[in-house]
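Single-structure report; data block below.
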Amino acid sequence: ACGTSDDNGDTTGGDTGTTDGEATEASDFTVGMVTDLGGIDDKSFNQTSWEGLVAFGEEFGLEQNTNYSYVQSESMDEFEPNLRNLVRSDTDLVFGIGFLMENAIRTVAEQNPDAQLAIVDMVVMNQETDELYDNIANLVFKEHEGSFLAGVVAALETESNQVGFIGGVESELIKKFEVGFKAGVKAVNPDAEIAVQYVESFNDQVAAQQIANTMYSQGTDIIYHAAGDSGNGLFTEAKNRARNDEKVWAIGVDKDQYEEGVYDDDKSVTLTSMVKRVDIAVANVSEDTMNGNFPGGQVLEYGLDDEAIGISDSTENLSDGVEDEVNNYRDQILSGDITVPATDDEYEEFLSGL
Amino acid sequence: MDLMQILALVVPAAIYAGVPLVLTGLGGLFSERAGIVNIGLEGLMIIGAFVGIVTTLMLEASGLGVASTWIALLIAAIVGAVFSLFHAVASIAFRADQIVSGVALNFLALGITVFLTRLIFDKGQTDYIQNRIFRLDVPVLSDIPLIGPLFFSNAYLTSYMAILLVLVVYYIVFYTPFGLRLRSVGEHPMAADTMGINVNKMRYIAVMLSGAFGALGGAVFAVTVSGNFSGTTIVGQGFMALAALIFGKWNPLGVLGAALFFGLAQALSITGGQIPLLSEVPPVFLLIAPYVLTIIALMGFVGKSAAPKASGKPYIKGSR
Amino acid sequence: MNGKKAPFGKLTGWMIPVIAILFGVIVGAFIMLLSGYNPITAYIALMNGIFSNTYNMGETIRSMTPLILAGLAVAFAYRTGLLNIGVEGQLIVGWLAAVYVGAAVELPMLLHLPLSILAGALAGALWGFVPGLLKARFNVHEVIVTIMMNYIALYVANAIIRAYLLVPGERTDNINSTASLQSDWLQSLTDYSRLHYGFIVAIIACIIMWFILWKTTKGYELRAVGFNQHASNYAGMNVKGNMILSMAISGGFAGVAGAMEGLGTYGYMSILSGFSGVGFDGIAVALLGANTAIGVLLSSFLFGGLQVGALTMQQQAGVPTELIEIVIALIIFFVASSYMIRWILNRIKKEGV
Amino acid sequence: MSYVIEMNQIRKEFPGIVANDNITLQLKQGEIHALLGENGAGKSTLMNVLFGLYQPEKGEIKVRGQKVKITDPNVANRLGIGMVHQHFMLVENFTVTENIILGNEPTKAGRINIKKAAKEVKKISEQYGLSVDPYAKIEDISVGMQQRVEILKTLYRGAEVLIFDEPTAVLTPQEIQELIKIMKKLVSEGKSIILITHKLKEIMSSCDSCTVIRRGKGIGTVSVKDASEAKLAEMMVGREVNFTVTKTPAEPKDVVLKMENVTMKSSRNVEALKGLDLEIRAGEIFGLAGVEGNGQSELIEAITGLRKVEKGKVFLNQKEITNLTPRKVSESGVGHIPEDRHKHGLILDFAIGENMVLQTYYQQPYSKNGILNTQAIYDKARTLIEDYDVRTPSEYTLARSLSGGNQQKAIIAREVDRSPDFLIAAQPTRGLDVGAIEAIHKRLIKERDKGKAVLLMSLELDEILNVSDRIAVIYDGKIVDIVQAAETNEKELGLLMAGGKRQKEGEKST
């Protein structure tokens, strides 16, 4: 299992530890994932999850579609049948990708006590007993910690002292990005102004672009997004401006979005990206399960420490010294000197403690 | 923010968001003016977006650079015209219910494009194109006070193209023999027939034009806004274009006005979050503002509908 | 006498859809062949996905339920000469209202369940009433208003959930079991499909639609207004009132479709990131079913079956589900082009004789 | 003498019917040639064949001795054949000029040269005395003017042979006179004309020869000089026809309908009734004569509640019915055979049976507690179809597929059967053949004899004079005079309708 959960004592509740199942021969092991509406090429967590499964498969010489496969959901009401179909065809491990799968996975878990299920970005509780399910592994991330580092970068790089955040749909999860980012900015530069706006959609690029346009027009020079597909509107706007020689930046999310920011062939408006290595988590859990250590009933929280969260390796656009400063903050978080807020209330507290 | 700043933000954004609707709305205008209801505009936009992106990608790969996008727009229009034959043949030759055939067109467009995307790219969305149509400040004109920042800064060439096309279409529809015949076919096909006008031929041409314009609208959306294509690139814009057509009373200038109105309301609702006074308003009111405003505006236009009289009805020689 | 009907008479009535389906399937097979899939394997997988076991059948029926109601909504409005593109929005508000009543009220099931469904119907009816009223009062085209009302429904419902009803998971709380259409019995019968009692509601709705249109005086009026407003007015009918009523009833059906999602399939409502598509499918279902109750029932079986079966087709034969969308589009196209099919049938008949 | 047009042995079939069965028609240069036949005899079909809208199965067409194949209207135009259709072929929201040049537009640099076109239209219109405003929209001009536009369309294309399909059915007597003048003028300029009409008087007064067809078959061609109305009618119907309406003198009783100082605007928002007064009694047929557009349609709308009365009052049997809903008016005892049977009279896509209860569907026995009784509805329909001789395959047939005459009979059956105290018959015989007209007139008189009040509105003075007991003349929104039918004549009525005054002969109106 991934060590983090034990180290940080994050494993909440649950009366069980690791389910000690039988180890499976690699060639017999089957694992499947159900994407949410985005599909495996959403340039976001569905895609990285799938990359994790592919990496896992390749490492152990498994075959796609026989040993590992995915099913794309076309609409929300397909989550449950898709999960169930995988379970019914005796898949050893079934991932549900995205917090929207919560209810679907709960239902399937209740109906199939023997299934081995895992969900990304969500902790699924039994609503009557308030306990975790033995047959569900819960994979969550400390996005706020990574976002904090993105905030640090932004605060160090901004020339106008104005930065911005564009969220997809306002929710608990996206709030972690927003709050972590703001905390990072304020930690470095308490005077910086931070504009925040939600698109209210994960796939409305027009609106996102217009929001970015407004923010940039008002002097903001760096914008961080956690808006899924909508985020492409941010890159479009940033590139439009960069081509006209404006000095603006975008910060990517989930994976290294350097490519999305490329313009004039060799330049990119992507300052850095907050990466969330769902692939690592998915591959780890798959491997553990294959080895008979399905982490059912656990909350596996991935953070800075196991490199599942962090900022991207593309550092071309960072100024000198910024990397060092980021590492400095990372160490403070890891050592517990800084506790990164994840909710609005925690953020208020954090600000007053500055 | 002062008013000028707000306008400088909102007006270009309105044009930008409105232009795909303008083009597609013009497409709808051609076919409905000729008596063929076209609820398949959404599907035509989807086809256009898909072809626009895929062609650009292919041309880019062959090293054509910036020209790729413009050629892709042209090809999208041509493919759109051909694809619209589906609707044309069904509703003209096979006398299908035009609403049904339009709905089928929408389904088919989405199915085919996503299916092809999977075949070509082995995933649900295409790669991103490199040569989007980017914004520019028009030299000299953008320095004019007041007007410059509103209409000539941060502008897309495609926007000027769209406005030019509106004028061209207006001229064609109202001042040329082709336009007169087109309208006569939509108002009273039998009268047109007795005047020696080939009703079905006119209708085929009109539907194909609507395919070309509809697809062009979709392609412009793809190459200016989304940069790639997936099943969610076009979601509802075609229906908004249809609304613009009706709102604009089947008149090219009206379509332009209606589409810009939609764009403006939308831009305001987005920018509103950062305009001092409006930012106090709960976001949902800003979100629904474009739609509510449209409804209210329509209520102000009480009066008889200007829909072409024969639209929706197949023309069968000799019947009445 | 009537030169518009071919001499084939009754026979063509049911033959046309069957032939249309056949054509659609055949063209679909060609597309699969061209793109390197084996159509036979694919169609077998598709059939398996619909019929092979009780689970799949349960899922098919479940997915039919909202389609039937959405189809009825479109068909009902169409009968009075109105095109309701607003089913999507009416469904959303119906869903929200049903879930709200389902979660917030405590009552015995006998009252609670009907009350929750009624709440959905009323909310949908309200959403249909507005475009009806605007059409009648201000002559505003119902197509635009219904499109606009869709977006308004989406954003308002999300805002209401977020402001008042939110629980973790971006959704409302679960409804009370007294308002639930879910049934352990049906689920175990169908091997844990999500089949719920909603399909009974949908069938009752079909009967209601048929009854209203063909057996009641109101239905006579609604149909009359749909065909000829001037003559209806001359005959003393309240044209505007009937228009509004028709849109409200239509919206009511759509609202019940939403209630089925809320009380049956999910048991709650999520914040929606976009439209469900059921409303747009409803247009196709209605038109494919010739705007009759029985037609809507059958065509939603076709739709639901194909969509559920497509999942299995994707899993077993690797054919993307989009192919089924293409096949559905082709079927709609061929049904719409029934003139062509009639013509072909007549040719065959002439040759044969 | 040479023929401009020869149609020899033309055969045209429609699914299940032979519309033209070996019909021959020969048109001489410079003549007006009538084409006569009952409704559905095949006249329009034959002319549509000549105009290229239909292709005949058999037969040949010669134009000026040359055998030709007229494959579409363009070919007909090129051969100098123009047609004024039974139902106008005009685009309502186009201008007069646009309608005339459609398909043959003069251009300048790709743009329609509307000025030049309008000048040309003006020129032709003056040449033939067809005055029109080239820039007026069709929807804004009178029916007579619209017809002139139709004629101009053919002349603009240089037609030498003109086909008129029932041009007079929609015209006022004045307009008919004018049209006949125009036709004569055209002929004098060397054109040739085929005229379809049901009105024998028109044939007698304007035509040179007449071809009669019956049920798709040619009966023969006669020279009008040698024929009489009776003979033509007999040729057409196949039996002797009784023209004079036989009726006993009226026995008027109480006032049934009373209008007091009624003022109302028309659909174009101009004052159409200007303080109109009227009284109609039980047991009389009250004719309403007037030139179209003088308020007769509005008068009917005022009574039936179809349009709002601005000032004044309407009473039925002493009870006020001003501005009641159409439903309330109909329930108070008003029946209404509407002017436009397709727009108002029928729901064409309903079965004939359903149409038979259009006002009464909600009453017992057709419905009870909001539930329809289909059995009762169709039983009723069957009876009415039988009683009124509506020719239809069954009561389940859609109204759309009946011929105009039978549609009209169905409406009359429905309205008369309700036995209203007051029956409005607006243009009840428009476009119908003499046989059908005869039957309808008998019905109206029968109602009168039962003691009902009947208001007959018609543009045909013959009809008004023959059927009515008293005749009111409406002019400019007011009743200008009321005369006894037996004591007046066409000339006097024509004068009154044009706004003139009757010479005082002692007594004024009743």
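A, B, C and D label the chains in the order they appear, each numbered from 1.
Note that in this section a residue touches a chain if its C-beta (ideal position, glycine included) is under 8 Å from a C-beta of that chain, and two chains touch if they have at least 3 such contacts.
The shown structure was predicted, so the numbers you read here are calculated from the model rather than taken from an experiment.
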Chain C to chain D, fewest steps along touching chains: 1
Chain pair whose interface holds the most contacting C-beta pairs: B-C
Label of the chain whose CA centroid is most distant from the centroid of chain C: D
Centre-to-centre distance between chain C and chain B (centres being mean Cα positions), rounded to whole Å: 28
Inter-chain centre distance, chain A versus chain D - centres from mean C-alpha coordinates, in Å: 77
Between chain D and chain B, distance of the C-alpha-averaged centres to the nearest whole Å: 46
Inter-chain centre distance, chain A versus chain C - centres from mean C-alpha coordinates, in Å: 37
Per-residue multi-chain contacts in chain A, two or more chains: 72, 200, 203
Multi-chain contact sites of chain C, meaning residues that touch two or more partners: 155, 158, 274
Junction residues of chain B - those touching two or more other chains: 232, 235, 283, 287
All chain pairs that touch each other: A-B, A-C, B-C, B-D, C-D
Chain C to chain A touching residues, read off their complex: 55, 59, 63, 155, 158, 162, 168-171, 174, 192-194, 261, 265-268, 270-274, 276-277, 308, 311-312, 314-315, 318, 321
Of all residues in chain B, those that touch chain D in their complex: 171, 175-177, 180-181, 183-184, 187-188, 190-197, 309, 317-318, 320
List of chain C residues in touch with chain D within their complex: 1-4, 7, 214-221, 223-224, 227-228, 230-238
Of all residues in chain A, those that touch chain C in their complex: 37, 65, 69, 71-72, 74-78, 80-82, 84-85, 88-89, 99-100, 102-103, 111-112, 122, 127, 169-172, 200-203
Chain D - residues contacting chain C, complex: 14-16, 304, 306, 325-331, 336, 338, 343-350, 354, 358-359, 361-362, 367, 370-372, 374, 392-393, 397-398, 400-401
